[in-house]
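Labels A, B, C and D are assigned to the chains in the order they are written; within every chain, residues are numbered from 1.
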Amino acid sequence: MKDIQSQPDHRRISIKKVGVKDISYPVTVLDKANKVQKTVATVNMYVNLPHQFKGTHMSRFIEILNDFHGEIKLKSFHHILEEMKDKLQAEAAHLELEFPYFLKKKRGPGRTDMGEYICRMHGSLHKEKDLILEIEVPIAPPTPVQTDTGLPESLGLWGIATISLRFRHFIWIEEIISMVEEITTHDLQWSFTAKNNNTLSVEETATAIGDTIANHRDINWFTVTVENFAKGFSTFASLEWPEASPPIQHSAH
Amino acid sequence: MKDIQSQPDHRRISIKKVGVKDISYPVTVLDKANKVQKTVATVNMYVNLPHQFKGTHMSRFIEILNDFHGEIKLKSFHHILEEMKDKLQAEAAHLELEFPYFLKKKRGPGRTDMGEYICRMHGSLHKEKDLILEIEVPIAPPTPVQTDTGLPESLGLWGIATISLRFRHFIWIEEIISMVEEITTHDLQWSFTAKNNNTLSVEETATAIGDTIANHRDINWFTVTVENFAKGFSTFASLEWPEASPPIQHSAH
Amino acid sequence: MKDIQSQPDHRRISIKKVGVKDISYPVTVLDKANKVQKTVATVNMYVNLPHQFKGTHMSRFIEILNDFHGEIKLKSFHHILEEMKDKLQAEAAHLELEFPYFLKKKRGPGRTDMGEYICRMHGSLHKEKDLILEIEVPIAPPTPVQTDTGLPESLGLWGIATISLRFRHFIWIEEIISMVEEITTHDLQWSFTAKNNNTLSVEETATAIGDTIANHRDINWFTVTVENFAKGFSTFASLEWPEASPPIQHSAH
Amino acid sequence: MKDIQSQPDHRRISIKKVGVKDISYPVTVLDKANKVQKTVATVNMYVNLPHQFKGTHMSRFIEILNDFHGEIKLKSFHHILEEMKDKLQAEAAHLELEFPYFLKKKRGPGRTDMGEYICRMHGSLHKEKDLILEIEVPIAPPTPVQTDTGLPESLGLWGIATISLRFRHFIWIEEIISMVEEITTHDLQWSFTAKNNNTLSVEETATAIGDTIANHRDINWFTVTVENFAKGFSTFASLEWPEASPPIQHSAH
């Protein structure tokens, strides 16, 4: 057996990132209509280590998460990053969350649906702090008005729009969802005729969403990816604005 | 610590099923156009033990699978079950496979798509042998004729039809797929108009498929489940024929 | 095109089950330590239709779920089933939930972990009501006492125990989890030696759990399945008690 | 309705990437022992468009894939990228594959297991060509010698090592797998004692793998991520070599 411990350290490749991932955790997030909303997140927490460090105290990640009782508001998000950087003596700290966000929607008299939107928050603290918010908005062809015989059958799922953004001032998740749904439900041409059932194109849908978000004064960077489901594969188109500023790499891998 | 081994056995609850599950394995299955097709299956193998048995030789399941070199034709399927029952001295043997089955489809001049269909084979050998074949057929609204500008954008995925069946004589997977696709593509009314974009109903689609399969002379039992995707949920309808004969329970759990 | 609507109905195969599935929904469940716990469930709701019915009002399933505001306590569970059977004029009603249940666990001084346990509740109301509770308890080899250098590295995941049960009187989810963890952590022999690192057997672990649950006066039926993860597959053993009484079939498929 | 088509194009944000993703496709890959191996891949194909382009011919991606009959050898990989760049008049072309790779392993007299390793190939062709190969190698504690009573029960899954690399000369997938398994099975200290069951640390395991790969003359860039499964979360450590050269961004999103 090779004696790993006794090898001179300077010859060895340094660990770059170390942390805890795929933590399932109940969290409280901000909700425009109800102040807060309780949901369940998958959490990744990790740090960049300085060169001389060989490892870190993994249990501290969980302790820091517990200290905040799952309150994931904008302020606590940065506090968690500061605690991580401080307590783990790290060069940089990363916090990633993914959670379903629920939104009640009136669909007609006496009918309310519960919309589910997958959200991600990827924050980091190096010399400066950075936060990217990502929201997935499902896209479906509009269904006709509700009839006596109940729920009109759905035309199925057309696809999904994924918006990633950095903001100057706080933006509600609801606001992004409304912006995208307004475009995919009303602005775009869903024409269905017996002979030529046109549908959206991924390029046009991505561009329509991009043009609208670019006009939002509080958003200073974003990407839009629009995916259209087909049998056995998806087509997609994506754009980024402004193009010159690439996003910081965020990934627990 | 409680001494489990020394407890009198007659007081203890007997193990009912024991086996190996979630084995990822390359397999060869029958293909109407190309004789055979190579794909990758997830395999479960398990047995019902007689009362006095406490456990079994888990490695023998893998050995038996290796002996057949992944050749999952109708004959070898029953041979594997016989080997399992015999070598493991079991009351009953169960073999379950799930694999993607690929089918090339012409969609227009110079355009071929590779269709993917999830298939399952659940076989058992107790006093008699039993085999259930299950096929998932995706359903999508018909797309218009191909134009110069390439692939017409898809209207998305409407849903999925799942057919489970027992047969008297061998039936090609291709035959079931064609039967279902003929109904969902041509027989059913997909009317798209500007004012009232009707779509299929899960009940009507399930009934249309059921009526057709019931007329197939080689099929002596089946279920049909039709699922329609909507934002955040699915609706579904299912039927079984003949109703009097429930399926044998097949599950590795 | 075949005119489906005009076919005489008596020749057609009846729809057996119809409903809504895979609804993602925030729910409130009972919690022994904190009275209630908020989590997120995947919900299936469906009914058995009488023969002459062709379909049902799909939107009513969602309306009924909304009326209960996601309060999934034992009483409301049966009320939802009654509403479904009543409002949809059904022969039988089915309600299935799957959700992660969280439990704080002290692991040492200043260290608390958040345990996640997947739970399922499958209820039905035909002539009588029936409820099956299912809990998944992960099994890991015991780790040594916490040291200065932080979290002791985990020995990995050994497997999972899944308990399904029917009860005479209400049982806390916490009680089942404790029962299983007591057995897998303390009662069973985890011996690690340099030459022969014995581990648990799936048969012995299933039997040890089964023997304990069989002695619980409030449980009148159960199954135990114990799964051991290996590279590329799992081995498993399962038992049922009492053997004579098979479970009612519960599945949205 | 907003008329999107008539908006002046220069005011609009350009589509950056467009393509087809999540194509399930049967492929043939190189196999050291058997020359080739048939498996099933998930494929993403996309291009970077020049600024003035509004969209592309999505069907051509599938046509190019069909032309190569799923032969994913090193040469054909680059030919596919060239065809994509050429036929779609793109600035850059990207091809991503993920597939299970199977390897037979002798475990003792008369016992062979089929190991499954998830592999990814991410290739791109811009001004220069680039190819990253990624392999996931599961890590499990060593099990004792096989006994009469069959398969020794597994100690479970400790975790997974993921190796990404760029090479100067062709390297067999088998070679990387052997290198990692040699380290995790033999070189590292798995000591199991009654009082102190030490296990691997993610940092040491990542460093041991990194030190070995760094000595391979044909590899000129790599990352190693080692993940250790625990109940409800994983811990991980990752490193990169050489640190100065970040990987080209590869992602269909």
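FYI, a residue touches a chain if its C-beta (ideal position, glycine included) is under 8 Å from a C-beta of that chain, and two chains touch if they have at least 3 such contacts.
Please read all numbers here as calculations on a predicted model, not as lab measurements.
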Among all chains, whose Cα centre is located farthest from the one for chain A?
B
Going by the touch criterion at the top, tell me which pair is linked by more C-beta contacts: C-D or A-C.
C-D
Counting only Cα atoms for the centres, state how far chain A is from chain C in Å.
29
Centroid of chain A to centroid of chain D, CA atoms only: how many Å?
24
Can you compute the centre-to-centre distance for chain C and chain D, using the mean CA position of each chain? Integer Å is fine.
35
Shared-contact residues (touching 2 or more other chains) in chain A
23-24, 55, 58, 62, 113-114, 116, 151, 153, 201-202, 232, 235
Classify the inter-chain contact topology: is it line, ring, star, complete, or other?
complete
Touch list for chain C against partner chain B, complex
1-2, 4, 7, 11-24, 46, 54-55, 58, 62, 162, 186-189, 201-204, 206-208, 210-211, 214, 225, 227, 232-241, 243, 246, 249, 252-253
Which part of chain A faces chain C closely enough to touch in the complex?
23-26, 37-40, 55-60, 62-63, 66, 100, 102, 110-114, 116, 146, 149-151, 153
Chain B contact footprint on chain A (complex, rising order):
113-116, 138-144, 151, 153-159, 191-194, 196-202, 228-232, 235
